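In the two assemblies presented below, subunit A is common to both, partnered first by subunit B and then by subunit C.
Entry: the complex of A and B
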């Protein structure tokens, strides 16, 4: 069995409207974030991956299985959709249990997995209440519990942090991270890029139905060489450092950090930049405490490539 | 081709499909049977029962009127249940099975489970069938029992030792085939049309004009098959003539097989449709 999610030249048209166009992807295990503005095709990509919509052309396999083979496919795949609706009249635990019973497993095992999933999703006592009375955050959690209950190898999450409070977000991210570490595929689309970025192994950038870039965040950032990179340098004399660095051609912007103990520098030639910085540090004019890329993240790449603020997607 | 089908049938996980089908059917029954939303269907099923019950309480039951009541019961089945009660009851039950889930935006949960879509569709059809049959067969059994209860021992004798039990068996068969036939049609219509009601009205019209159509097209009507299974034929007069279908006589067994084949054909096409169904709630 393959361990990849493969899109082979996939296009999807809704009548005359483009969903996604000629997407080819080869996604290895780990956490992959889909990034793009509203209507860019993120949900279409996820729906294609899980067979909720079918490609107009091209083919998709997940771990070597086609979505058309539902019996085997959905033993391996869990999908937490964005659709915020549920079958009528169910209690939280019944919803998860019903979906597990459809796998054909014995009731005792289904109960055990239900309780385990509810615990992992941190639903607590709410599991015994009707879903109709849930808050948005609880509905998000019960969907997540249902998606992970059968221990899938691939977990697809469409905006999984929507409606969650900061604590629940942190808990969910920790859970995704743990699942990714276990060797699972975790595919996430989210507009809360700052948070998702921290746990992602790869990003897939799409806009207008077209694939813009994909790969490891740092690799993708390196490929965007025509865009200046921003670096934060924590030091004791940021003004001196800024004036020194700004004297060279490739340094295009300098901005002091709010706390006055650092400076953001933007450069068009990162290799030359680090060479110069080493020289300044060796001279002993400035005591440098830390150097960190300030825009080597999905949000920055998103802004560079797509041209809008990632937070608005 | 034959080899492929044989291999498929031989290797198919029948045990798993049976478990999944049973669980889906139970889930559907739990959610939809005894629901207040279905109260109008209970009314459709039991309205004649209530009237026959009133007739039992206040009507005359002389031995000479038993034949008339037998004709009235046949008329209720022929004109009311087959053409109206079962028709609209099944429209309400079966058109909700898939379309209702799409309206409520919950169908995707089933499509994301490890169940073949055909099993999902057939399980929902089974649940709809069980709901419809438990209502309409119960109603017709109650109608028959109440119709003859007022005649005392003569009624019991007619019902148990005379033609009554055979007639009830025929009515039950008509109800079963009617529910499943209309159910299959409405399940399919609900998958093809966003609002299946106008299509159902056209189908009602099709059923009405069917007798004047060529014999091949007559085979595409549920009511025309059921007509041949009636143990007593009541000629339609006045407005009831519109609900009467006059066709060439066909043996009961042939009509039963014909309608069963029609149901299988409609369900096969519904299975084909659900294989290609896409979840796009915003446009559905």
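Entry: the complex of A and C
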């Protein structure tokens, strides 16, 4: 069995409306973040991945299984939608239990897995209350619980952090990270880029139904050559460092850190930049404490490639 | 890049057969249908005619009670195919009222809550989803149609002397078949119409309109053109003709003859197929976007 999610030249049109166009992806295990503005095709991509819509052209296999093989396919895929859609009148644990029964689990096994999922989602006593009385965060958690309850190998999460307070967000991210490290595919679409960025192994950027970039975040950032990279250097004499860098013509912009103990430098050639930095450090003019890429994250890549207006630059 | 420990193990245990998963959806739907006080009120109302019919059967089969009630009157109570036609007809129109109330609850909530993605991202097909709803609706409608009808038949068989049941077994078969055809037709039509309307009350009105508006149009057509074929749009008339034939009661005759059974069956099949096409277009795991 393959361990990849493979999109082979997939297009999806809703009548004359473009969902996604000519998407080819090969997603390995780990955490993958789908990034794009509203209406960019993220949910369509997730619906295709979970077999809920059929592609207009191209083919999709998830771990080597086609969505046509529904029982095997859905046994391996867990989907947490962004919609508040719960059968009315159910208690939290009943919702998870019934979803497992729909997956075809025997009752005794379903009870066991329900309790395990509720514990992982950290719902606590709320599992015994009616979902109708849940807060938005609890609803997110119960959706997450039903998505992971049947032990899927692929977990697709559409905006899973919406409505969660900071503590719950941190707990959810830790859970995703743990699942990713255990070898599960975790596909997340989220607008809270700063937070998912920290746990993502790779990013898929999409806008207007077209794939803009995909891969490891750092690799994607390095591919964006027309946008000089920004680096934060923590040192004792930031102004000296900035002047030195400008002197050797490896900087296009410099900005002092607010606390005066660092400088943000932009460079068009990151390899040469680091080479020069080593030289300056060796001279002993400046005592360098730390060097950190300042725009090597999903948020920056989003800004550079998609922009705030949602159009690719 | 993560260092994958590959400690994760997917579920590899036994899986239950598909039909048991459909029953989970049917249970959801049944609970939804009966969570409304109006459903309970309609069901309670549906028992009232049954009580009246029981009393009539009792009086018809009890000479003392008949003598007390029918003092001086020569009128006979005949518990025959026509009587059971009246029972079936009464219960069937109550079933229409229940369908108009319940069917929109089963579909509209899921559509307005966008629940289909979460339900269909299970090893359950759209057919399984509809089947689950259909089972709940059929079970609810059975409780007001063929079950009370057959209970009344059984009571009549118990109350009447000697060979009544052996002479009238066709009535029992007719009650069962006639009621099942009607509730299956109503369920498919009700779910299909509900799937196109997000507002439940509007859906309820549309279900009534779908039965009675074409009936009016068909009646006008038949009157103007002096033809019986206009009654093919008149579902109440068609069903009455069908029920009478199934029970062995005297037929209706309008405009030089009643409708052929094959024409009635064909019309019901056409309406059901159109309903299935409507459900197929609407029951999808995503919003249908029109270009």
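Here is the rule we go by: the second predicted complex is superposed on the first by the 306 of 313 C-alpha atoms of A that agree within 3 Å, B and C clash if a C-alpha of one lies under 4 Å from a C-alpha of the other, contacts with A are read in each partner's own complex, and residues count from 1 in each chain.
The rule is short, and it goes like this: a residue touches a chain if its C-beta (ideal position, glycine included) is under 8 Å from a C-beta of that chain, and two chains touch if they have at least 3 such contacts.
In this text, all values refer to a predicted model and were calculated from it rather than measured experimentally.
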item: Combined model on subunit A where subunit B meets subunit C, clash or fit; value: clash
item: Dominant contact partner of subunit A by residue count, subunit C or subunit B; value: C
item: Contacts of A:14 with subunit B and subunit C, given as first, second, both or neither; value: both
item: Partner chain(s) touched by A:99 [first = subunit B, second = subunit C, both, neither]; value: both
item: First (subunit B), second (subunit C), both or neither touched by A:54; value: first
item: First (subunit B), second (subunit C), both or neither touched by A:74; value: both
item: Subunit B versus subunit C as contact partner of A:87, first or second or both or neither; value: both
item: Touched partner set for A:129, first subunit B, second subunit C, both or neither; value: neither
item: Which superposed partner A:113 touches (first subunit B, second subunit C, both, neither); value: second
item: Which of subunit B and subunit C A:31 touches, first, second, both or neither; value: second
item: Common interface positions of subunit A, toward subunit B and toward subunit C; value: 14, 47, 50-53, 70-71, 73-75, 79, 81, 83, 85-89, 98-99, 101-104, 146
item: Sites on subunit B touched by subunit A in the complex; value: 13, 16, 19-20, 23-24, 27, 31, 101, 104-106, 108-117, 275-276, 278-281, 283
item: Complex contacts: residues of subunit A adjacent to subunit B; value: 14, 47, 50-54, 68, 70-75, 79, 81, 83, 85-89, 98-99, 101-104, 146
item: Subunit A - residues contacting subunit C, complex; value: 14-17, 29-31, 43-44, 47, 50-53, 70-71, 73-79, 81, 83-89, 98-99, 101-106, 109, 113, 143, 146, 150-153, 179-184, 201, 216
item: Of all residues in subunit C, those that touch subunit A in their complex; value: 1-11, 13-18, 20-21, 24-25, 27-28, 31-32, 35, 109-110, 113-125, 284-286, 288-291
